[in-house]
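This is the structure I have questions about; it appears just below.
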Amino acid sequence: MREHTVLRVVTKLLIAPIILFALYVQFHGDYSPGGGFQAGVVFAAAIILYALIFGLAEARRAVSPNLLRITGALGALIFAGTGVYAMLRGGNFLDYDYLAHDAIHGQHYGLLLVEFGVGLTVVSVITSIFYVFAGRGRRNDDEQPPGDAR
Amino acid sequence: MIEAFFAQMPALVIVLPLLAAPLCVLLHRGGPSWFVYLLTTWACFGLAFLLFVQVKIGGPISYAMGGWSPPFGIELRLDALNTVVLLLVTGIAAISSVYAKASVAAEIASERAYLFYAALLLCFCGLAGITVTGDAFNLFVFLEISSLSSYALIAMGSKRRALLSAFQYLIMGTIGGTFLLIGIGFLYMMTGSLNMADIASRLPAVADTRTVEAGLAFIVVGTSLKFALFPVHVWLPNAYTYAPSSVSAFIAATATKVAVYALMRFLFTVFGAAYAFDRLPLGEVLLVLSVAAMLSGSMAAIFQTDVKRLLAWSSIAQIGYIVMGFALASSAGVSASVVHMVNHGLIKGALFMAVGAMFWRLRTISLNDIAGLGRQMPITSAAFVVAGLSLIGVPATGGFISKWVLLEAVIAPGHYWLAAAILVSSLMALIYIGRVVEVLYFRERPEGRPDVGEAPVLMLVATWTLVLANIAVGLYATPLIAAAQRAASAVLGDGS
Amino acid sequence: MSAHWLGWLVAFPALMSLLVAACGRWPNLRESISVATAVALFAGIALFVEPVTAGARPSLTLFEVLPGVGLTFTLEPLGLLFALVASGLWSVTTIYAAGYMRGNEEHAQTRFFVCFALAISAAIGIAFSGNLLTLFIFYEMLTLSTYPLVTHHGDVESRNGGRVYLGILLTTSIGFFLPAIIITYLITGSITFDEAGLFGEAGLSVLGAGALYALFLYGTGKAALMPFHRWLPAAMVAPTPVSALLHAVAVVKAGVFIVLKLSVYVFGVQFLADTGASELMMWVAAFTVLGASLIAMTRDNLKARLAYSTVSQLSYIVLGATMASSFGILGGGMHIAMHAFAKITLFFCAGAIYTATHRKYVSELDGLGYAMPITFTAFFIASVSLIGIPPMGGIWSKWYLMEGAADSGHTAIIMVLALSSLLNIVYLLEIPTRAFFHNPRPDTPRNWHEAPWACVIPLSITATGCIVWFFYPLPFLKLLAPWAP
Amino acid sequence: MTTDIALNIVLLSFMAIVGLAIARLRNLFPVAMLTGLYSLLSASLFTLLDAVDVALTEAAVGAGVTTVLFLATFGLTRAREKPVPRSRTLIGLCVTVLTGAVLIYASLDMPHFGAADTPVQQHPLRDHYLKTVSDEIDVPNTVTAVLGSYRGYDTLGEVVVVFTAGIGVLMLLGVAWRRPNKSAERNR
C-alpha cells in the first residue's frame, strides 16, 4: 500500500493523535475511563496501523520484535515487582499502602506503576502477535511442524 | 523476619513462578531458563510443604491480597484440602523440572526452549493459583492462565497432529472456561460477591432460585470439561498423546486433578454438600458418569496401540475413580478422592515419564516399536512396570491404598455395584498394563532396529523418584490418609 | 527368640536375592548362596518351634500402612508349620533347581534364582502375617514374583500360560479377596487375626457369612477351587523346579494355608460350626476333589496329570477347613505337610525323568523303571503316600480329615474322601506300574540312566520324608496341638 | 429510559442478525468484517450500560486488532471455510440450544435489570467500593481503583493471561522454522 499517498498522509496525521490518546488513557485512568489495557491496545493499534501502511519491515525497524519481547516481560515484571516491593516493605503482596510514606500516596504510586506495567505488556504482546501473524507469509504443507525442527 | 516470611508464603507460591516466567523470556536462552524453572518449582515445593505443615498445625490460613480484607479484596485461603493439592502440584512440577531438561532438549527447538520453560512456569503458576485462591473469579483467571499455556505447550508436540489436538483442546477448554464464567457470573448476580466464603454464606437465602441451579449446572459442566469427565472427555486422549513428553507428564499428573479440586471447592465450600447432593440429584448423575468413565476409559485403553494414548484413556478411567469418591458426598468418599488424586498424580506422572524416556530414545512410542525394550532399557521398563502395578492397585503401591479407601467408601453405604465397577475397571487396567509389559519383555526387538541404551540419568532419577513415592505411599499410607481425612472434614464442615 | 527376628526372616531371602543377582556371573557362588540362604532360613524358622509350641505368639508391627492397620507379623502354629514346610522344602528345591537348570542348560538362570528367593520371601511373609492386609500384600507379592518363573521360557506357550496364571490369580484376589477384606473391616472394625474369630459379636446373618466366606475362598485363587483352578495346569509351562515350588511349596500351599488361617482366625471354627456358613464351600471343595481327580485320569502329560492331582489334593485341605471341626483343621494342617512332601517328590521325579530322557507323557514311560530305579521307587512311595496307605505319612492327614468329617456329621464327605483315594490309585499308580511292569518302547535307548545327582538326592530325601512322617508324625502333631483332641 | 430500551433492543437484534450471518457465511473475509461489526455493536451496548472502560477495550480489541489479526491469518490459510459434516453441526446445534435453554431457565429467577434491591446492590461491597474508596485510595474513577487495587491480583492475573497468549503465539509461530533436518537426513 506504499503507493497510496492519501493513505500515507492521513496515517501520518493520525498516528500521533492515536498515540497521544493512548498515553492519555494510560495516565489519566485514575480520573476518566481507561487504564493500561485500553491504552495498550490503542497504542498497539497505532503501531499496527503504521505497519499496515508503511510495511512490516519499516514497523519492525521502528519497534523491533526483540524490544517487544523484553518490554512484554518487563510489563509483567513491573506489575508483579510492585507487589513484591510492597511485600519487602512489610505489607502483603500488592498492598500499595506500603509503597510510600502514607497509604493514599502509596495507592496512587501503586496504581500508576501497575497500570504502566499492564500497558507495557499489552502493547508489546498485541504488537508481537501481529508481527508474527503478518510476518509469516504463506506456508507450504510439507514444512516441518513445530517442535520437530531439531 | 521469619514470621514475616511465613506470613507471605501463600502469596509467594504464586509470585515466584509469576516472576520467573517473564524472567525466562528476558533470559532468552534455554539453559538458564531451565535453571530458573528448576529453582522456582523446588522453591514452591518447599513453600507448599511448609504451608501444609502450617495448616496441619494451625488450621486454615487466610491471606489478604493487597491488604484488603475479604470480601473487599481477593483472599487466598489455604485449608486441609488445597494444601494437599498444592503439595501434589508443586511436587510433580519440581520432579518434572528435573526430568524436563533432557526431554525438552530432544523435543523442542533450542531457540524456543526459553519460551517453552516460560509457558511451563505459567501453567504451573495457573494451577497453583487455582489451588490457593479463595475467590471465585480469581479462580477463573488462573484457570485461563493454566489453560492458555497448556494449549500452547501441547501444540509443541513433535507430530503435526499435536496442533490439531491442541486446537481441539482449546475449543473444549474454552467452552468449559466460558461455562464456568457464566456460572460464576450467576453466583455473583445472586449474591453480590465473588469471595467463596462470602458467597457460601449468602447462597442459602437465594438457594431456591433457578438462577443458582443453572449456575451450579454451568460450573459442574464447565469444570467437567476441564477434567474430562466421561461424555466430555474427547479432547484428552489426543492432547496427552501428542504433547511433548515433559508436558504430558506434568499436565496429566496435575491439570485434571486441579480441575477436580476446583469442582470440589465449588460443590462443598460454595454450594455446600447439602444443596448440591441432597436437593439436586447431582450425586447420582456424577456416580453414573464416573462408572461410565471408568468402564469406557479402561475398555478403550485396552485397544490402543500407542502407549501414550493408552495411558491417556486410562486417565479418563482414573478420573472416574476420583469423581466417584466425592460424588458419594461422604467423609470417606471425599478423602478417598483426595487420596486417589495424589496417588494418580504420582502414578501417571511416573508412567508418562517412563514412556517419555522411551520416546527420548526411539522417537516413537507405539507398541510395536517398544517391543523388547525390557532388556535394552531395563531401568525405565522396570519403572513402567512398578508404576503400572500401582495403577492396577497391587498391594504395597499407592494405587492399592486408593482402591482400599475408595472401596471402603462405596461399600460402607452398600453401593456394591460401584464396588464391582471399581474392581472390573482395575482388572481392565491389569489387561492394558499387562499388554505393554508383555511387549516390553517378551517380544524381540523388531528387525533392523539399532540397539538403544538407557535414557539420561536425570530423566531416570525423576521417574524413579515418583515410582518410589508410589511405593512409599503404598507401604506407609497413614500420613496421606490422615491428610485426606482432614481435607474431607475441612470441606464437609464436620465429621459427617 | 525376639519378635524382631520375624521381620528379618521375611526380609532375609529378599535381601539375599540382591546378592544372588550380584553374583550372576559366578554360577557356583550364586547357587551356593541360594542354598545357604535356604538352609539358614529353615534353621532360623526352626528356632521358633520351641517357644511357639510352648504357647508364645511373638508379634511384630513394623509400621502402620493404613491408620490402625500395620504391617504386622504374628507367629502362630499354623503359620509356623507352613513356614517350616515351605522353607524346608525350598532348601531341597534349590539344590534340585541347580541340578535341573544346568542339566537342561536353561537361560536367564540368575533371574530364575532371584525370583525364587523373592517367592519364598513372600511365602514366609504370608506365613507370618498378623492381619489380612499384611497377608494380602505378601499374597500379591508371591503372585508377581512367580510370574517371571512361570513364563521363564519366554515363548508363546509360556506367555499364554503366564497370562492365564496372572489373570486368574490377580482377578480373584483383586476382585474377591480385596472386597472381602474391606467388608470384614467395615463389619468388624478389625482385620487382625484373632484366635476367637472376628465375627463373634458382629451379628452376621448366615447368608451374609456364607457369602463372605465364599468371597474369601474364591478370592484365594491359589487354593484352586473349581472353577478357578485353570491357572494351575496353565502354570505347567514353567520349568519343573518351579512347578515343584508352585505346587508343593510356596504358591498352592500358601493358598490353602490362607484358607485354613481364615477359617480359624477370621471366622473361627466355632462360628463356622454354629452358623454353618462354610457348608456351601465344603461341597464346592468336595466337588473339586472328585472333579479334578477325574480330569487327572484323562491327562497323558505327566505334569498336567500331577497338576490336576494337586487341584484335587488342595481341596482336601479346604475340606478340612470348611467342615468346621478342629479335627478338620488338624487334618488340613497335616495335609499341607504330607501333600507337600509327596507332591514335591512326584514333581522332582517328573523333572528327573525329563532331564534324563526328555519324555513328558505318561504313555512314553513304559519300562523306564529299570533305567531309573531310584526315581520310580520314589515316585511309587510318594503316590502311595498321597493315596493314603500305610506306611506312608499321607495316612495321617486323611485319617484326621475323615475323623473331622465324622465329628461334624458329614458322612457323605467320608465317602468323597474314600472315592477320591480310589481315583488316586488309578491315575497315580499307573505310572510306576508302566515303568516297572510294561516292556520298554522300541525307541528307548539302552544307555539311559538316572538324572544328575543334584536331582536324585533331593527326590530321595523327600521320598524318605514321606515314610519317616508315618512313623514319626510327632513334630506336626505337636505344632497342631491346639486342634488336637 | 424508553429510548435506552429501544436502543438496547435494536442493538441486540442487530447482534443476533450479525451472529446468524456469521454462522451462515462460508467466505471468511466477510466473516472477519462481521465479527468486527459484532464487537462494535457490543461496545455500543457496553456504553449504554455505562461500562465505558469495557466498551473502550471491546472497540479497540474486538473491532480493531482482532479483525486485523483475522485478515493476517487469511494471508496464511485459505479464506474459505471447508464444509462441515452434518453430524458435527448437529452436535453444535444441540449444545447451543441446550445452553440457550439453560440460560433462559436461569433468567426466570434473575433479579430485575437495574433494580435497586438486587443482591449486588445490597451487598456491603458496593458501599465500600463507592464510599470508602475516597478514604482508602482517593481515585475518582472507582473502576480503576477496584481493578487496580482492590482486585489488583485479578488484574495481574489478566496481564499474565495476555502475556501467556503472547508467549504461546511466539512459541508456536514466532521463530522461523529451520529446516536443517531434511537436508541433513538426505546427506546421511
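Residue numbering begins at 1 within each chain, and the chains themselves are lettered A, B, C and D in the order written.
To be clear about the criterion, contacts are C-beta pairs under 8 Å (C-beta built on N, C-alpha and C of every residue); 3 or more make two chains touch, one makes a residue touch a chain.
In UniProt terms, the chains line up like this: A = Na+-H+ antiporter MnhB subunit-related protein; B = NADH dehydrogenase I subunit N protein; C = NADH-ubiquinone oxidoreductase subunit protein; D = Multicomponent Na+-H+ antiporter subunit A protein.
The model shown is predicted, which means the values in this text are computed figures rather than measured ones.
S.K.: Kindly list the shared contact partners of chain B and chain C, in label order.
M.R.: Shared contacts of chain B and chain C: no chain.
S.K.: Return the chain label for which the distance between chain Cα mean and whole-protein Cα mean is smallest.
M.R.: B
S.K.: Taking the mean of the C-alpha atoms as each chain's centre, how many Å separate chain A from chain C?
M.R.: 77
S.K.: Starting from the mean Cα coordinates of chain A and chain D, work out the distance between those two points in Å.
M.R.: 19
S.K.: Could you give the separation in Å between the centres of chain B and chain D, each centre being the mean of its C-alpha atoms?
M.R.: Taking the mean C-alpha position of each chain, the two centres sit 29 Å apart.
S.K.: So, what's the distance in Å between the C-alpha centres of chain B and chain A?
M.R.: Distance between chain centres: 34 Å.
S.K.: Would you give the residues of chain D that are in contact with at least 2 other chains, written as numbers and ranges?
M.R.: 149, 152-153, 156, 158, 160, 163, 165, 169-172, 174, 178
S.K.: Give the residues of chain A touching no fewer than two other chains, as numbers and ranges.
M.R.: 69, 72-73, 76, 80, 83, 93-94, 96, 146, 148-150
S.K.: If a residue has to touch 2 or more other chains to count, which residues of chain C qualify?
M.R.: Residues of chain C never touch two or more of the other chains.
S.K.: Pairs of chains that touch, anyone?
M.R.: Touch list across chains, by label: A-B, A-D, B-C, B-D.
S.K.: Show which residues of chain D lie in contact with chain A when the two form their complex.
M.R.: Its residues touching chain A are 52-53, 56-57, 60-61, 64-65, 68-69, 72-73, 75-76, 136-141, 143-145, 147-149, 152-153, 155-156, 158-160, 162-163, 165-166, 169-174, 177-182.
S.K.: With touch defined as at the start, can you tell me which chain B residues reach chain A in the complex?
M.R.: So the residues of chain B in touch with chain A come to 4, 8, 11, 15, 18-19, 21-23, 25-26, 28, 63-67, 106-109, 155-160, 162-163, 244.
S.K.: Can you list the residues on chain A that touch chain D in the complex?
M.R.: For chain A paired with chain D, touching residues are 25, 29-38, 41-42, 44-45, 48, 52, 65, 69, 72-73, 75-76, 79-80, 83, 93-94, 96, 103-104, 107-108, 110-111, 114-115, 117-118, 121-122, 124-126, 128-130, 132-134, 136-139, 143-144, 146, 148-150.
S.K.: Given the complex with chain B, which residues does chain D contribute to the contact?
M.R.: So the residues of chain D touching chain B come out as 95, 99, 102-103, 105-111, 118-126, 128-129, 149-154, 156-158, 160-161, 163-165, 167-172, 174-175, 178.
S.K.: Using the touch definition from the top, list the residues of chain C that touch chain B in their complex.
M.R.: Answer in residue numbers: 63-67, 71, 133, 136-137, 139-141, 144, 151, 154, 159, 163, 166-167, 170-171, 174-175, 178-179, 182-183, 185-186.
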